[in-house]
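Before anything else, here is the set of structures, which you'll find just below.
The two complexes that follow have chain A in common; it is paired with chain B in the first and with chain C in the second.
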Partner chain A sequence: MGAALNGDGRVRAALAVAGSALFLSVWWLAAAAPHANALFLPSPVAVAVAFARFVHEPFANATLPQHLAASFGRFALGFALAVSVAIPLGLAMGWSRRVDDVVTPLFEAVRYVAPIAWLPFAVLWFGTGIGGPTMIIFAGVFPACLVNAYRGARFVDPVLLEAARTLGAGNRRMLVEVMFPAALPTIVAGLRIGAGSGWQSLIGAELIIVSSGIGYAMVQAQSSLETPIVISTMLAIGAVGAGIDVLLRSLERRLSRWRPTPEQRTTPS
Partner chain B sequence: MTATVMVAAAAWVVLTSVAHVVPASRFPAPLDVLHAGRQLATSGYAGATIWGHVATSLGTVIGAFAVAGAAGTLLGILMGSSRRFEAFVNPVFLLLRPIPPLAWIPLAIVWFGIGVQSKIFVVSLAAFVPAAINSYTGVRSIDPALIAAARVHGASSRVVLGEVLIPGALPMIFTGLRISLQASWAALVAAELVGAVAGLGHVMTSAAYDIYPGMVLYAMLWVGGLGATTSLALAALERRAIPWARR
Partner chain C sequence: MSSIVFHQVSRSFDRGRNRVAALAAVSLAVAEREFVAVVGPSGCGKTTLLRMAAGLDQPTSGTVEVGGRQVRGPGPERAVVFQQFALFPWKTVRQNIEFGLKCIGRPAGERKATVERYLVLMGLEGRGAAYPHELSGGMQQRVALARSYAVDPAVLLMDEPFGALDAQTRIVMQEELVRISRLSPRTVLFVTHSVDEAVYLADRVVVMTSRPGGIREIIDVATVRNADGWHRFNMEDVMDRDAFVHLRTHAWKLLRDPAYRAATPIPEYLAS
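Presenting the complex of A and B:
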């Protein structure tokens, strides 16, 4: 049995290598074809070389790490702002019917507007410096965080709430010591979805209005037909996005570890 | 609920048109938006009337979403039902998946220019990935006992796929398609904002240059309205496709 699994594992590893090799060779062959244009599709090697050079040689006024740092700083600001508004508001909506009734219609009205569609107003209201891009990140992060905090608060086990009430917990303690911890795993899941959407919205904003950061480097590379740099920035954007996701995922796992399983809840030890 | 909407509407009228607390250059008054709507319907703006722009944007989203959503779902089902196929595709999928669709816009412009082809490309990418991930998860999360039971009763691989895996994965498949559809609209608007010759994003960019907030808001209303309408249409389709999952 174990040997058979190992055999299958080996086949799968070989297939994984074959898949990657096929992708790279199709890319490489397409780039090396007689009529191929390097401006249009550079070879994987050309991209790797451009990437390595971009790490220490500036393009569009900064090196790759500097561009990434500028973007990430912006992202962190917008993310922190959105989270610190969305989570208390979402919890309050889950807690109080009245807050829910006031906020939900307003939220529903703008829910289907893509975050990036706020860009013209973001520029009009907050300019293209720090404010405009921050508002776009905010618009990307906010909905997922709000919805998840709301759901987390709404679906807290009523037994927990009643138990805390019976034992004499006041409103503040109910919110801080019962509701928030119980909703935490759902909230963190919302942070993860929001972070992905906020990071992508920032890239969109940087393509259009900002004059620093990774999206700006990308659009500069595009207009000067430095396609290897365009692809390098895409890879860097993907890597940072994946890094943020991995970070929040591990946070999610750590927070849900102490969460009681259904059996534990029904049969207290 | 209705009270909130009425208060918000009244606040909009009072702040912009009666008390003039909010200057018209910052946020449009209701009459500015009506004016923009009338202009777009009759003489047109940014190269076409509203119907031309809506046809461009809506046609791109629906076409690219339908094709790429179906292709992504198919890939996800294949990855979910065959571990070997998954092993073959996964490394490339894992490399491309974290790159947000909006980050493809510059490369799409290099490859296809600023016409509608580059929008179709970017929207397809946006629709493809969530559809693939969710249909894959849907197939994988089916109780193995169900599959084993079907097999014990003599079901062939094709029957297992058609009668067990796909119906079992349908709720997740539709979750994926819902996310795909939202991502499609976001990608379309971004691509049209970066550079386009028609479409609602192009209207917004032109209006932003002309400092015409009424037109910006009017185009946003269309984007939100079309996003909501297509989502509702998809939800109706979901109810017909999964009649056993009434919620």
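Presenting the complex of A and C:
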């Protein structure tokens, strides 16, 4: 079994490398084609060179790591705010029919508004400093976190709630020791979805309103026709987004050590 | 004071437009420290009866009293053992057993000692740090039993606790329950669909009829068991005794044949 998995893993790694190599070759060939304009499509090498320089040479007032740090700081603030509102509210909705009845219609009415569509009001209400972008991130992170916390709490195995009740658990203990841990895997899945859409929304906000950060660097590069820098920022955005997901996935694994692995689940006890 | 008294208890459910009577005017008294098993066809309302004693369900009419007080909701003096074990999968065996002790506010030192005692009593030594999914079904139900016993309830309500176990594990657990019941007797209401299990474990067996659920007959097992000296035998041999076979057959006929009436449920040669 283990050996088969390893063999399978090797094949999959080889396929992943082959796919990336194919993509890079097509890119390279397209950039090197006769009459190709380096401005429209810089070659992978030009991008790599620009990327390497951007790491230590400032562009648009800051180096790449500085832009990323500014963006990530905003993201972390908006994410933390959204999570700390969405999780308690979602749990409360799953816990109490009344809260559910009050919040759900409101939420359903606004959830399909794209985060970036809040931009005019974000700027009016909170300005273009830290407040506006934070609100956009909040709008990106909040829906997925709320929906998942709600679903997690709503679909806790009722027999567990009954068992806790019959053992004498009060409301606070029911929430903290039963509902929350039971909903946790669903909640963390919501964090991952929310983080992804929050990060995307932030870049959108930065394209428009702020004067630092990776989205800002991208817009500046675009207006000065530095296309290798544009692609470098795209790569950095992707890498940081994937990094955030890796962090949250490891959190997910740490928090769900009590769950059976798929093989264990198929074994009857 | 831990008797359970059902007085003229009825329960009906709404099924779409219909109203289905699950229980009709059931009266039953379980004495303090008595072990009463309830058997009946599925849909006879035996689980509903147990859930009302637990406070997880309310009668449509009639009253349920435990220890002389009307049941209004769940509480740790009435522990429930569920067929699906209902262990908290994110808690270790130790934390599961400890949960109820925390709920009733026992100090940490005492909790630890109690947990360790029940780990030993239930044959769970060395498994305290395991998560439920790492244990077999039988082991999981041992943990659930330990969790219920640990809060020292006056009343134990068991809803087909061994129904999800394989036949061999089930026999082991039935013998364990007899052993533990002897060590620390409680008032037990035990719901099962197994006639053998009911007759082997209980002091009295309540045979129910279905739609609406009612009591067909209550069989006194304790008198026969004591006269026949079942405590001297292991389970297979008990199940081979004439007296056991007689009671079991009697219960089966009550369940299967609405016209069946037994003149004397206890044979003459055993009544002496």
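Here is the rule we go by: the second predicted complex is superposed on the first by the 238 of 269 C-alpha atoms of A that agree within 3 Å, B and C clash if a C-alpha of one lies under 4 Å from a C-alpha of the other, contacts with A are read in each partner's own complex, and residues count from 1 in each chain.
Throughout what follows, contacts are C-beta pairs under 8 Å (C-beta built on N, C-alpha and C of every residue); 3 or more make two chains touch, one makes a residue touch a chain.
This one's a predicted model, so the numbers in the text were calculated from it and none came from an experiment.
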Identify the partner contact of A:E177: answer first if only chain B is touched, second if only chain C is, both if each is, neither if none is.
-> second
Per the overlay, which chain contacts more chain A residues, chain B or chain C?
-> B
Given the touch rule stated above, what does A:P44 touch, chain B (first), chain C (second), both, or neither?
-> neither
Partner chain(s) touched by A:F23 [first = chain B, second = chain C, both, neither] = first
Which partner does A:P88 reach: the first (chain B), the second (chain C), both, or neither?
-> neither
Taking the superposition as given, does A:V159 touch the first partner, chain B, the second, chain C, both, or neither?
-> second
Residues of chain A that lie at the interface with chain B and also at the interface with chain C = none
In their complex, what parts of chain C are in touch with chain A?
-> 54-56, 73-76, 78-80, 82, 84, 86-91, 99-100, 102-104, 131, 133-137, 140, 147-148, 151
Chain B - residues contacting chain A, complex | 1, 3-5, 8, 25-27, 83-84, 87-92, 95-107, 109-111, 182, 185-186, 189-190, 193-194, 201, 204-205, 207-208, 211, 213, 216-217, 220, 223-225, 227-228, 231
Interface with chain B, chain A side, in the complex: residues 8, 11-13, 15-16, 18-20, 23, 39-40, 101-106, 109-121, 123-125, 196, 199-201, 203-204, 207-208, 215, 218-219, 221-222, 225, 227, 230-231, 233-235, 237-239, 241-242, 245
Which residues of chain A touch chain C in their complex?
-> 157, 159-160, 162-170, 173, 177-178, 181-182, 184, 257-260, 264-265, 269
